[in-house]
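Going by the order they are written in, the chains are A, B, C and D; count residues from 1 in each one.
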Amino acid sequence: MQKPSFDPGLTQQVNGALRRAINKDGSFNVERRGTSWRDIHPYLHLINASWPAFLSIIFSAYLVVNTLFAVVYFSLGRGELQGTDAPSSFGRFMNDFFFSAHTLTTVGYGIYAPTGIEANSVAAFEAMVGLMGFALATGLLFGRVSKPSARIGFSPRALVAPYQDQSSLQFRIVNLRSNVLIELQASLLLMTVEGTPLTRRYTALPLERERVYFFPLTWTVVHPIDESSPLFGKTPEQLQALQAEVLILIKAFDETFSQTVNARFSYRYDEIEWGAKFSPAFKIDGDGDMILEVDRVGEFARVEAAGR
Amino acid sequence: MQKPSFDPGLTQQVNGALRRAINKDGSFNVERRGTSWRDIHPYLHLINASWPAFLSIIFSAYLVVNTLFAVVYFSLGRGELQGTDAPSSFGRFMNDFFFSAHTLTTVGYGIYAPTGIEANSVAAFEAMVGLMGFALATGLLFGRVSKPSARIGFSPRALVAPYQDQSSLQFRIVNLRSNVLIELQASLLLMTVEGTPLTRRYTALPLERERVYFFPLTWTVVHPIDESSPLFGKTPEQLQALQAEVLILIKAFDETFSQTVNARFSYRYDEIEWGAKFSPAFKIDGDGDMILEVDRVGEFARVEAAGR
Amino acid sequence: MQKPSFDPGLTQQVNGALRRAINKDGSFNVERRGTSWRDIHPYLHLINASWPAFLSIIFSAYLVVNTLFAVVYFSLGRGELQGTDAPSSFGRFMNDFFFSAHTLTTVGYGIYAPTGIEANSVAAFEAMVGLMGFALATGLLFGRVSKPSARIGFSPRALVAPYQDQSSLQFRIVNLRSNVLIELQASLLLMTVEGTPLTRRYTALPLERERVYFFPLTWTVVHPIDESSPLFGKTPEQLQALQAEVLILIKAFDETFSQTVNARFSYRYDEIEWGAKFSPAFKIDGDGDMILEVDRVGEFARVEAAGR
Amino acid sequence: MQKPSFDPGLTQQVNGALRRAINKDGSFNVERRGTSWRDIHPYLHLINASWPAFLSIIFSAYLVVNTLFAVVYFSLGRGELQGTDAPSSFGRFMNDFFFSAHTLTTVGYGIYAPTGIEANSVAAFEAMVGLMGFALATGLLFGRVSKPSARIGFSPRALVAPYQDQSSLQFRIVNLRSNVLIELQASLLLMTVEGTPLTRRYTALPLERERVYFFPLTWTVVHPIDESSPLFGKTPEQLQALQAEVLILIKAFDETFSQTVNARFSYRYDEIEWGAKFSPAFKIDGDGDMILEVDRVGEFARVEAAGR
């Protein structure tokens, strides 16, 4: 059987304690080395950059391009640019700089204006550069703002809870946003460190339900701990010794973005609560309306004698 | 077997009468509480906002930004901005405000124009802000206009109709728009309230056909009521007692949007017609052409002795 | 078994000869009646409109909006708009009209310029309207130009060709464009008219291969005519009597558009060639390079004794 | 069984040596002939054109459109355009040309400005053309920059390596970029030339794992060479005689692009290393952090007695 899985690479060996594989923000805890600058994709970097970095880059590029064109205008004769004469070189340069800004943004007040053929040619070129450059800048800006993303709330702890005469591993998710997600799909992998030499192992954890059509309320994702489960018969101490971490991938279709969105999460052995079950996070009010309490997604109650 | 399904959350208990789960416009009848402002995504809110709200926000932002820049220009010396002098402070402020508008929109008539370094610097910055800001506004505007959506017409009533020596639950859909939808897929869930304590249950209703390739005419979605159906042997009175609601998800690929689009709908127990079958909603005219009558999607005729 | 299929609607009855269901350009031969104007989606109509219609609408909207604003400017006092005075009313109106155009396009030469508060307010509003309106127009223009589409060349005739000791229905496709399509998928439906009363029937035709990963050359789509095929033992005359039409849906992933694209086609009984097989449409030249001859996609040769 | 596959076209016959089917950059080694200019899609060509070609086309179009409008303005009376008079025809034409540039880019300094009805009409039209045209140019520019693409690093050589008491064909991939790819899927086809007459054959090579959920490290794609494998019992010499080439398609979901991306690659018989296995390309440092060394994706070590 060909099972989709996280690839072990066949050769992973570990010595000593491991950091978690998936950070709480969904990123992977992996440092990359040996990459080449030729593989850098400027668009991807600018889309993923922080807001201060992005805005600084845009603003700096604006200053640099204006300065470069100002140098060109400054090098032309004064008769080329109407209205930019000034008593000092600095004043003339600043006027050239502002003429450049008027041109690059296509605002073109006309207080400074090209009269000679050279200045006019440069300005005609600069206006085109401005339109193209701002299209890139604004496209990136809008791409950042409209980038599809999901905001899935995970219960802070996974539970080992009773389930149909046996035990189960459960966690609960909720849509933190009010937009509509449909066709959710969950995939779980158990990551352990075991064997001699110590090797990372990845085992898929089958779910009671892999998909739900609708997601207006909460979804309790349930892995039944039956005989076939790698968690069967394990104690909390054993999971700690195995440095167990449950890796989670949630996929959904976002109706507003009209795109597939993803969320990653993980629970480590010390984030699993044994012998508990989730309390309902929604209720029906007197009018028959359902009320979802988003911030109660992690609420659970202890149960006695939870089967393991 | 892992069946995709609406998740019961394992713990839903209800007391008393329920409102319908899916409203007639496809939205879920769920009120959300306990959400955090940090989970609000401005893009999603502006895309989903009503048109009056959206246009008001854009127009207000335009006024506010112009006012802020006008205050800055007003605070600069009069020598900084050519043509904005006026007999009164109000007149000067209004000229500064309009100069700001000329700059923000990059219209730049030049009747008002920056001459000093300070005004020129602010104006160069404002023109950039204008280009970036209007890119957001127009991107949102176009995003709203071009947002993929389907307009599926559902028959107002579902029918319990004879089907191959047995009974079936049927409803009929039509594409209310003239653009091409292909690869339609339908998913049905029966929601009931039963047991002690009263619990919501969700059962998938298998279909005679889950998918059709083409959708130029109507599609009659058929759930055969055989022994394995949760509707088998049920009377209208029993469905009412169970507060039965059939939840429907339709997916399709829209050729014009080049995107997957969705439609949701539901039929409650009191929207099911017993012992009827749909009348054809299209005909062949004398030239052999098919004619689809979109507004007849819900037409049905009574049948005697409809098997249940 | 739930087989995806074209839905018969259960009640289709036909009398007399039928036009083909899918036209040669891939559109469906269905006339729609009873649609409501409330279901019209302006974006979809403007994206699908012909080029002359689209450009006329854009140009007309430009004239109408300019005229409306010109009427407003004309109604204001002459002192409000610098440079627009003229000996005649017509001249004044034209100047107002052109001032409006300078503002709507944000070109703003300044030869006409607002000086009064009223004209300035209207112009500030018009510049915003211009930016928003042209964003819609240019977004639609670019949406039309960049709309994903496939240009699949189908062999003009389908063949009944020998295939592994039996017969088969074959047709051949080629990518008419040079961009890369991957993961092609083909679906075939046989549409017939039979029974009493005459009813349309749709039967899926299973394929020897439903998908190919790559599509640099041609793909010969093959339906084996074995005992389970609805075409088994049929003669050309019988297919004519059944008014048989093979409906085809091709899906592919376009690498340049990064989107799924589709093509539809159909072969009627009189477009099927009996006892022929496709000639190769590509060759290997002396250097070991493959050469694809796109225009030979439909070339076939007669075979004697083609099994039926 | 209907297996997805590369289509043989049923009739491929080859004489002599073949070039590789998939080039190292992922393109297909196929020359296309007999295409029609009517099937050319300008958008696809401009998106796929080289950067120098694209920029030249944009710049040339800018010059051509300006020249055309300059000719129109030049043909109008001198009284129509304020400020464009000059001692020579050349000077007047250049002024008209620059006025056109000021209008097309909507920079509109006003140093040249339309005063007559004819010049104003042409300028109003040109400003609209400029907005629409630059929308196409900038849309194409941004479409090129933001085009989804994957940069998958393949090990330069595929290995025949031991795998669970048998042999296997392996290659290793890594994400050369730092953005997140999820849900990778690999498909392998073995292409051989054999039989009389010599015919190309394509056989799917099943994988130990077809999909992985996450891809933060490397993925070693493994085809087990068991009895059912077409590589079973083959020697390097036999693969050379068969001109064997392993065609590879990798699909993944790119989180930043929110799109499916692809990569193609192939290994020819002379790019397969017999009796070797990959060395780990990542390590765990003292803090338990994983460190991926991207440039070591191809590193392998010889193994003695590699089973074939």
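Here is the rule we go by: contacts are C-beta pairs under 8 Å (C-beta built on N, C-alpha and C of every residue); 3 or more make two chains touch, one makes a residue touch a chain.
Small disclaimer: the values here were computed from a predicted structure and weren't measured.
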Rotation, 0 to 180 degrees and nearest 5, that superposes subunit B on copy subunit C via CA atoms: 90
Interface copy of A-B among B-D, C-D or A-C, judged by whether over half of the contact pairs recur: C-D
Rounded Å distance, subunit A centre to subunit D centre (Cα mean): 25
Subunit A and subunit C, separation of their C-alpha mean positions in angstrom: 35
Per-residue multi-chain contacts in subunit C, two or more chains: 102, 106-110, 139, 257
Subunit D to subunit C touching residues, read off their complex: 2-7, 9-19, 21, 27-36, 39-44, 47-48, 82, 102-103, 106-110, 112-115, 117, 120-121, 123-124, 127-128, 130-132, 135-136, 139, 143, 147-148, 187, 189, 247, 249, 251, 257, 259-262, 264
Residues on subunit A engaged by subunit B in the complex (per definition of touch): 58-59, 62, 66, 94, 98, 101-102, 105-111, 134, 137-139, 141-142, 145-146, 149, 151, 172, 176-180, 182-183, 206-220, 222, 253, 255-258, 277-282, 284, 286-296
Residues on subunit B engaged by subunit D in the complex (per definition of touch): 106, 108-110
